Amino acid sequence: FKKFRKYLNFDLLFPKSVFFCFHCRVFVNRSLTLENIKCYGFDMDYTLAMYKSPEYESLGFELLRDRLVSTGYPHELLRYTYDPSFPTRGLVIDTLYGNLLKVDSNGNILVCSHGFRFIKGSKLFVFYRETIQNYYPNKFIQRDDTERFYILNTLFNLSETYIYVCLVDFFTRCTRYTNLLKGFQHGDLFMSFRSMFQDLRDAMDHIHDTGTLKERTLKNLEKYVMYDPNLPVLLTRIKELAKVFLATNSDFTYTEVSFKHLFYDFIHYSSWRSFFDLIVVDTKKPQFFAGGNVLRQVDTHTGKLRIGTYTGDLQHGTVYSGGSSDVICDLLGVKGKDILYVGDHIFGDILKSKKRQGWKTFLVVPELSKELQVWEDKKNLFEELKRLDVFLAELHKNQDSSSTDPEISSIQYRMKVLTYRMDMSYGQMGSLLRSGARQTLFASQLMRYADLYSTSCVNLLYYPCNHLFMAPPVLVSYLPAFTRLYRE
Amino acid sequence: FKKFRKYLNFDLLFPKSVFFCFHCRVFVNRSLTLENIKCYGFDMDYTLAMYKSPEYESLGFELLRDRLVSTGYPHELLRYTYDPSFPTRGLVIDTLYGNLLKVDSNGNILVCSHGFRFIKGSKLFVFYRETIQNYYPNKFIQRDDTERFYILNTLFNLSETYIYVCLVDFFTRCTRYTNLLKGFQHGDLFMSFRSMFQDLRDAMDHIHDTGTLKERTLKNLEKYVMYDPNLPVLLTRIKELAKVFLATNSDFTYTEVSFKHLFYDFIHYSSWRSFFDLIVVDTKKPQFFAGGNVLRQVDTHTGKLRIGTYTGDLQHGTVYSGGSSDVICDLLGVKGKDILYVGDHIFGDILKSKKRQGWKTFLVVPELSKELQVWEDKKNLFEELKRLDVFLAELHKNQDSSSTDPEISSIQYRMKVLTYRMDMSYGQMGSLLRSGARQTLFASQLMRYADLYSTSCVNLLYYPCNHLFMAPPVLVSYLPAFTRLYRE
Amino acid sequence: FKKFRKYLNFDLLFPKSVFFCFHCRVFVNRSLTLENIKCYGFDMDYTLAMYKSPEYESLGFELLRDRLVSTGYPHELLRYTYDPSFPTRGLVIDTLYGNLLKVDSNGNILVCSHGFRFIKGSKLFVFYRETIQNYYPNKFIQRDDTERFYILNTLFNLSETYIYVCLVDFFTRCTRYTNLLKGFQHGDLFMSFRSMFQDLRDAMDHIHDTGTLKERTLKNLEKYVMYDPNLPVLLTRIKELAKVFLATNSDFTYTEVSFKHLFYDFIHYSSWRSFFDLIVVDTKKPQFFAGGNVLRQVDTHTGKLRIGTYTGDLQHGTVYSGGSSDVICDLLGVKGKDILYVGDHIFGDILKSKKRQGWKTFLVVPELSKELQVWEDKKNLFEELKRLDVFLAELHKNQDSSSTDPEISSIQYRMKVLTYRMDMSYGQMGSLLRSGARQTLFASQLMRYADLYSTSCVNLLYYPCNHLFMAPPVLVSYLPAFTRLYRE
Amino acid sequence: FKKFRKYLNFDLLFPKSVFFCFHCRVFVNRSLTLENIKCYGFDMDYTLAMYKSPEYESLGFELLRDRLVSTGYPHELLRYTYDPSFPTRGLVIDTLYGNLLKVDSNGNILVCSHGFRFIKGSKLFVFYRETIQNYYPNKFIQRDDTERFYILNTLFNLSETYIYVCLVDFFTRCTRYTNLLKGFQHGDLFMSFRSMFQDLRDAMDHIHDTGTLKERTLKNLEKYVMYDPNLPVLLTRIKELAKVFLATNSDFTYTEVSFKHLFYDFIHYSSWRSFFDLIVVDTKKPQFFAGGNVLRQVDTHTGKLRIGTYTGDLQHGTVYSGGSSDVICDLLGVKGKDILYVGDHIFGDILKSKKRQGWKTFLVVPELSKELQVWEDKKNLFEELKRLDVFLAELHKNQDSSSTDPEISSIQYRMKVLTYRMDMSYGQMGSLLRSGARQTLFASQLMRYADLYSTSCVNLLYYPCNHLFMAPPVLVSYLPAFTRLYRE
């Protein structure tokens, strides 16, 4: 490393004058100074190893689709291909009615689709025979009912989300099948939305258990996994200042091959393990943050587990399997609040490490690139919405209480149209973070549990290593800013 | 009512030119238009019937204190009197170590006191023998552990909070007792913090079960319950527009006497029941929002329950006991999203009605008056803090990564001092909502679950009945505002 | 004690020649030698303090009945009086349909009554419009469903059982009410079986919480509590050989008065506490056998709890409150298997102490007196049943498989009649232990969890203090005795 | 079938004069008449398809052993071979201390081994450094603690039981490893008993998930699966009288091949499906008896599942996958109490179907053959034990309470020796049902949940199809037989 270190003149690499684009920023929910971070932890998949979109999701989609057809689903399904413009992360499948829902943190329904058909919720669309209220009289779900509702928390779920929508679309349109409330009928056969969902989960388990997805990925790493020359730079820099560990749910073999790819033109790429003080595979997050499992050593020659548990001091370059967050703190001699953990899974990586262990958290959200781009491109829409918003408030203030101003309706209609146009700029299910002015469940979890977030962990490079990330002022402390007041 | 109605010229009562003070404002977390509200629900205690502070808390404190002494606690306890400047709502008792904690929504400890002694958390106070880390190595609690941590959610808990602090204070300072980690030793006797907490809960149950607190309150309603002439005005106005119900955990007798007091110079005060379409007592919230209980009719002459369940149509003026939120929706013919429920209990009234039933919510937070007052009075402190904040960010930007600027430390110290002074302006445990720049658990729950909040429900009067409450713009959608960027 | 001891010549008190009646026997489920018992534990109510039947149950019944009437139930209920011939212990209330059930250990229904009307289960009674199958198609209940089914485990439940039956009977026969499947309708009023059950539980809580039952009992101890001069003899004898403790759910005052009565003509009756090495009141069994509560000392002068927990050595005559089975073992220095615990509650005393702590158990079953008496009186019925049983088996052996012998039906009918006559000898719900040849839930729990059982704990006096109680041979080890074989 | 039927003259097949050996008997716990059974259900593995012992267990053992070695366990393990004389069904592994326990239904420890070394529990063996009390002070386990204790309920567990004992034995004796309380230490490596157990479970999952065990079994069905020509006879006979279904956790392919073997010299063996009215594979018992899964049709040509759920009428010969006990009752139109379900799994087949659904149950216990044989062979030991038992009771009766008769000790010693000799006749862990005079957990579950039991389901053939199985008289009803009375 000594030799390599001299090249790491960051001022040369990133002169201050350089344009600092949105995509490179790290956003802050709670202030955090890197100076106090004594240990950095990383997840691997979608965190250090970024999968190429939509290539990787397409691969997943095709494997799932083919598996479903091979288990008896109609061959017509093969005509469907993955459409990256449709699904976003954080959507919810209602396995009872086969709907795909976008909800806010309290369970209110923002968007609802049945197959590719969007169910209308607004009174503006009374001529539609079907509205959200038909399915959900209160436009609301109790999302604690995990038997019924399945939240698609990770980027790995995107292909799953889309294939489910394709299934519902196919059977809804196929004339051989009758549409019923909870599924489809074909002669003596009833296909419930629940059973279709179960079949999908089984197919997912199949492509994972048989290793099909991994195998196909490893065969063509360049197609599916991004290569970022800054990654070894980041890890080298961090390692000089703090302890670094890897905690991935993947197995050793997959981890090893992935890292060799990620570091391939780095001088000693084969020694990828030297970037970490501690490497833990098969972590079984989220259980990892609760009781965890037995910590085993991995034989790095064979990839097999050693029997028994290693109890000695931490040895550099050793790879472990299993364990728990508590064991990691012990081995590295750090406390939860001294750790910054970087991951992509809002529940398994971020919520759990924050809530159970008090770790500092950094969520990787590659979709932010697009979100930010749309925001740039559609600035004028945002501006107009904002203007209408202010105008509407003004109208309300001066309005006589007994009647409804027709101008108000017309503005509200205009706002709905603008909101819809804006939402469509993100994709068919709209933004990851918002629907009009309302936050999604994902956005509210991001704000609650992630201290920092960015499109990529490599963006940490653009900040000095003792940087103080400052959160925007906590609004509740400046209460008058909170509301537009009546009669002010 | 007809007769009364003509007096209700709101423009006369509240001319637009009138100064619209902070204390009368309704704050908004999520946009909501009153036009869509078809039904208003009210809790009684601390919502319609506002207790006078600190008189009512003092009464509770004294009853608890006397009960504890009568069960064997030392007579020296009688010297303590209630100090309203100490406790705030939303604090947490750690029954293991006897500490009183102020935490944020993720369980990070903001303030910690042991009796009246504040335990220091910061490195600035290294000369103290005791720091928060001694008790909580990670400065963090798993607040799901309800066996150990007790959250003081309501204003009713204030007296309880304070007496516990007095108990810990007394035994800590009493020379007869030796201080141990989990309690006090006196000869063969060990008094654990847990057993003291249990004794306190038992004393609380005693003054409730025997009706002592109620009896004392009813004897001197003028001393303990506020009288607001606007309350019948508000209820009259609302009733013209929407359905109104009362859902209180109190029993019928207490409810009846309280309302007669609240409406005493209203023309037909005895007919307080005519203000409501539906009156439900003994609601046992929060269970009321889950399965609920059998709905019984109350015999309004005797106060006793009728046997059996009423199954006919809703009859005006009838009083019910028990029931559930579902039954109320059925009886009134409304859906959850059409209801605005006004209550004071962040968990039992607001979180549960929102999360389980999708109701709109209005949280009554009388403490806001003081919070807003302090904010007004200490504007200069806030301003200076803000300036320092910006300056600190500036310093960080230009700072060389290898060294720590001494100026930074000095600013940080100044900010700590300012924060402390500001916090002390609120009371000894600081603000209900913040500690320095960090939000409390209470503040974050308020933001998540309450659509509206204000110091009193009567403030609804200052808004027209079809008012559109507009939330401040959702920040996550304007991402660049989120952080001060490095090298910008 | 020295002085008293010389009178304890057991051979004089119980000469071997004396007739050793059934009522004095101790029955054995699992062999146990008293020589190995190092510690005896006793419950108080219905164990040391035997309540007089039916006086005590009548008292409970009247208090419950009067409370129900005072809460609004019709005055006609006052005409009902307690009938000891109806209820037995171990019955189950189905709160959905209002039925009283007698079930076996697997949940099969043996007897079913609706009010005083017995619902027929057998094909012999096809002319009845109602059969058990109407309610329970499989003649079976899932008794794990504790929301619906309430098991009347103790003698304290007898009055409750009977009043519920009276309620169902009254409303069923009252012409003002219409009978529905799940309750009764009267105009707009629906009275569900579930709400009636809830009212009954509330009434029960009321007479306990207000202390009414205790007060009435203490006022007339001679009427309600048996006096047995052998009780102090037993305790004196046991105390010489082993440690003795009392663990009662009653409070100190009630315990003290009860014991003064029980020992009233004993020389030093006031020193009843000297009979025990350890006295624990307010034990809150069954929690006592799991985590338990804080152990407090009781001030025996005032009856109040001392604050704090006693941590010193065991002091003779001290009275404690709360605690747990683990604490008791520690204080007395004994292990679970060295303790013989004597109690009357099959679940709270016997099942829990056996299953959670491995204690030896002695169940007090006063009803055995009657069970044994009936068995004596109706010996001829038993004998005839036995003969018919053998004869039936013989017939089956020789029977041609294709046809059904008319003689078989006739014998089966005769057996049913005999079984019914026998059952009725015990009371209207039949025997505590059997219905015909099938064991009740209570009997199977008695056999599983009680090592010993008898009508009274005083019966231990009739056995030497190192007695080996031998269980009948374990049948499964002598398999051929298990079944009457075909074609033998 | 018509053609085949004429051969079914049972009197010819089983003349009454024939010796009716123990092995052919059906034993009865609760009376049951076949006349009332409208439906017979069968499990497949170890019920209809009996595996040859010890060939099949040896196969399982070797696969497990080899898998463990291939995952890193020492090659020395390969020296171990399966010893059928060691394990019995119903034992418990204590994963904390690595012990194998035989317990009674209340959790009292009857036998304890650590590897092949038996830990002594009795005072007679005080010269041993290790006793059961060292591990379990109360000689008792709380078997509800399923995290710690693993019950080996089925015959499939025998190989697992034995390999765990071999592992403990190996490491205990291997000089490279130090013995610690909870595992073994070797340099920096700690191998806990818990991790060894986890490795064993993983190995078991591996040989099942990869299909290794199935594959090896199918390759050599004649070696591993018994062929019983009476099986088709039994099914034919039953099918004439009642409905018949198969409910197996195996998949369709394995089921099909197994049945073709079982019926191979039957005329139309390929039509094995015609023996059943309903065939359900992949049942996932015990969940099958609770909520169950979606019912799918199996394509019998490909073995794959059809998509969707069949909703039409029951079609003969159709094979289903998944489902639940409720669905089966609906499809066949029968009630739980009309079904006799025949299985080998005391928990998954018998306890669950009895407790949750009220089915009649028949447990297949092949080990009974040996149990009965030993009982026959060692009759004289039993007789002597019985004599000593009576004699001991006699001695106790006449004994003076103050002293201990030396003769008693001598008899007790003799009884212990006899019990040990008897236990050893069954195998090293003793009988499946008893240890001395005490019943095992397995025996008590067998008595509680199985109405009938026998070495094989084919034994039903020896009883006429309307046979009344009569239970032995319920003992508790003949109380005086219960105990040997003192002073009688």
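Here the chain labels run A, B, C and D in written order, and each chain numbers its own residues starting at 1.
Basically, a residue touches a chain if its C-beta (ideal position, glycine included) is under 8 Å from a C-beta of that chain, and two chains touch if they have at least 3 such contacts.
These numbers come from a predicted model, not from an experiment.
Listed here as common contacts of subunit A and subunit C: B, D.
Work out the mean CA point of subunit C and of subunit D, and you get 35 Å between them.
Mean C-alpha position of subunit B lies 59 Å from that of subunit D.
The mean-CA centres of subunit A and subunit D are about 48 angstrom from one another, to the nearest whole unit.
Chain contacts: subunit B has no residue touching two or more partner chains. Viewed as a network of touching protein chains, the structure reduces to one closed ring of chains, two contacts apiece. Annotation, chain-chain contacts: A-B, A-D, B-C, C-D (touch as defined at the top). Contact residues of subunit A toward subunit B in the complex are 10, 16, 18, 20, 22, 25-28, 30-31, 35, 105-108, 137-140, 142, 144, 335-337, 354-358, 368, 371-372, 375, 382, 386, 389, 392-393, 396, 399, 401, 404, 431, 433-434, 437-439, 443-444, 446-449, 462-488. Partner subunit A is touched in their complex by these residues of subunit D: 71-73, 184-192, 194-196, 198-199, 209, 293-294, 296, 299, 304-312.
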